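One chain, chain A, appears in both complexes that follow, with chain B as partner in the first and chain C in the second.
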Partner chain A sequence: MNVSAFDCIIAPTLILLAWLAMRIKDLFVGIVLFILFGLLTALTWVELQAPDIALVEAAIGAGVVGALFLGCLGIIESRQGIYQFPMERKRRSLLWIPVLSLAAILCWSISQLPPETQGLGNLVRNSLLDSGVTNPVTAVILNFRGYDTLLEIGVLFLAAVAIVSLRFFEPAKLDSRLAPNSRVFLFFLQLLTPSIVLVSAYLLWQGTNYPGGAFQAGAILTGGGVLLLLAKVSLPLDYRNPWLRLAVVSGFAGFLLTGLGMMGIGMMFLEYPVTYAKWVIVLIEILATVSSGLILLTLFSGCAGFLGITRRGGDGTL
Partner chain B sequence: MVIIDYVSLILAGIGTIFFMASTLGLLSFPDVYSRLHALTKADNVGLGFIILGIALRSQEVSELMKLLLIWVLAIISSCSSCYLIARAACRMGIKPWKRP
Partner chain C sequence: MELFKQTAFFYSITGVSIFCIGLYGLIAYDHFIRKTIAMNIMGTGLFLALVALAHRGPEGTPDPVPHGMVLTGIVVSVSATALLLGMVVYLFLETGATDLKGLIKKRERDK
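Showing the complex of A and B:
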């Protein structure tokens, strides 16, 4: 195993960032550290030659989840003022038990791994021609291991259902001094929104041959949506609209129905005919992109109540 | 190594120096405005040099265009966000630092 200087710097930095993000009193700083942690994790995936996971980590782990956290914090602070993590020392010390057990289990399972292994890599490479796509990652997540992805989309869908059912759409008070309604911001949006749609479509399409795919494309759409929400552009996020419901369920339903339809023509559940596999995958990915983008945006709007992030009593220092 | 590789390496090196300078500014400048200044000005130049360095090695025109697009998007987003943060800080009543 080769260990580069980069690894030696990034591994301890990741641990330090994770530690600080947990321990820091000010939740805002904690979230910033968490986003930083996500970006460095993405870099680590690049270093491990897993650009697909790096893209997901950067777009969802750092980007969307960071926006969700900031949105929640915005709501909490607009009601209570600057929020400090209230956990007492005693309870915190109890937290060490599950954390250390998990760490021990992980270390043990790593030590049990065979030192040099191809894993399922060769199997995937040999069957790649049957998958309809040439990016092995897309082949695995949408064809060879479709179950897993179907359930992932299902989990996302359930999260959106939960948020909508809670009707947590009560908008928090927006600090008018911070409302980003400036001409610079609008110009920025006019320039950026088409590029975001373009980049998303590009990632979706090239996912069949190169790193990219539905989740990355969806997360980027969400990013654009978050920007538009912050600019108070009204997006059609009213769940009384049946078309929105249809679009949100389309990822999960489309995937499931495709799988079941294959059973109708005498194949296995989620097995695709080799000649049409590419188009089946692209269709499922288009639906998954739109619905996961909308779902993540629903999560954000639910958590943030369409609110600008306000810091009361800040003095510009962290 | 061909000359073009050396040139690309030197350009990327210059870019890194700009990044380090801006980080130094971020850490040591006294208030939010001057830190924003350091961060958004020097970083964009640094990114520009690094992208120039990589662009020299690009094999295709499409690769070159993507690199340039990344730079342009980064510049636009960093100058807009710089302005928005500074404006928010200003409206929150944060006074610019003056030499005491």
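Showing the complex of A and C:
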């Protein structure tokens, strides 16, 4: 396939946005440009026929990461005052030499690759019938390369454990008097919260056959949670509650136990029986959706100061 | 040059450029949030190159294995970003520093 006019517009725009997002003086503007960069990247994934990645990028890469950055900047600016961050105007011109050499080496090695290759595409398509699902990407992440996804949920879980261990931020004081009382916002919230749950469930279910899946669904649930937190609705994010801990670990533990259970009935670790493969995958995906949604919400709460019981020392002063 | 008119090679070169811009930013700028943005930009560049190169199949059918790997990669990079930002906030609340220089200055003042 040859480059289209759309590609010629989007690729330079991506490069320009990446450059501006880092370079621009005001960090807030930089973060907004980064979110824009993420959304344009999602469009690029569609162009590259990767709709699964486009969904993840739009929900996580632009959405959740953007919320994390804005939350973190919000805490810093609320204490430091919104001043123009002094731009580090160092003359780093020499740094361009190694960076550009690396770019040249990478471009040269890419040009040495064969222009057409089978890759593993045929192998996946030929074994798709054994996987229990018809979306090849879901088959890869939950069946053929289950190890990757198991460890991925493990990393996500570890990040949540680390963030919860750092929770000597300000206590999460959710003063409902400070809630946004715009009627437009409240109406929007009432309309959006149930539809977010519905969209998430739909993405989860259709992930077996079409683009979508557990992480996309989880990220959309997180978006709903972030919206509720910003409206000062208190969510049960108290990590002293064992049920919350159980829900957070359920994605990783469920996946691991399923894998081990398969060993118990004489199969390999993470190998599924062909006839039940679809239901095993759906079960793992449901657990992964709930726990990844909660974990991403925990990560946001940690970075934006919504998490925490009391500060260490207890007097709450900074 | 004929090669780079193919979508796969065109976007992988775009990915390399974005990766290198991110690498420059990661080294050149001081503010921790700016460094974290740069790290995310590097990651996106890498994912772009990987997915673009998966697009070389016959009849333009993409290879789903790199797609799955990139999906995993995006989730892992959001975990890393959250951990970094959580520590940036913690460091700021404890020391008031948002970059390494501020941290060193604060340490010298404390002595």
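As a working rule, the second predicted complex is superposed on the first by the 266 of 318 C-alpha atoms of A that agree within 3 Å, B and C clash if a C-alpha of one lies under 4 Å from a C-alpha of the other, contacts with A are read in each partner's own complex, and residues count from 1 in each chain.
Simple rule for what comes next: a residue touches a chain if its C-beta (ideal position, glycine included) is under 8 Å from a C-beta of that chain, and two chains touch if they have at least 3 such contacts.
The structure displayed is predicted, hence computed values, not measured ones.
Of the two partner chains placed by the overlay, neither chain B nor chain C lies in contact with A:249. Touch criterion met: A:191 reaches chain B, while chain C stays clear of it.
Residue contacts after overlaying the shared chain place A:182 against chain B, while chain C stays out of touching range. Counted by residues of chain A touched, the larger count belongs to C, out of chain B and chain C.
In the superposed model, A:152 lies in contact with chain C only, and not with chain B. No residue of chain A is contacted both by chain B in one complex and by chain C in the other. Note for the complex: chain C touches chain A at residues 3-14, 16-25, 27-31, 33-34, 36-38, 40-41, 44-45, 47-49, 51-58, 60-72, 74-76, 78-83, 85-90, 92-93, 96, 98.
In the complex of the two chains, the chain B residues touching chain A come out as 31-32, 73, 76-77, 80, 83-84, 87-89, 91-92, 94.
Of all residues in chain A, those touching chain C in their complex are 1-4, 7, 11, 14-15, 18-19, 21-23, 27, 30-31, 34, 37-38, 41, 44-45, 47-50, 52-53, 56-57, 60-61, 64-65, 68-69, 71-73, 75-76, 79-80, 85, 88, 90, 92, 95-96, 99-100, 102-103, 106-107, 110-111, 113-121, 124, 136-137, 139-141, 144-145, 148-149, 152, 155-156, 158-159, 162-163, 166, 168-170, 215, 292, 296, 299-300, 302-303, 305, 318.
Considering their complex, residues 177-178, 180, 182, 184-185, 187-188, 191-192, 195, 311, 314-317 of chain A touch chain B.
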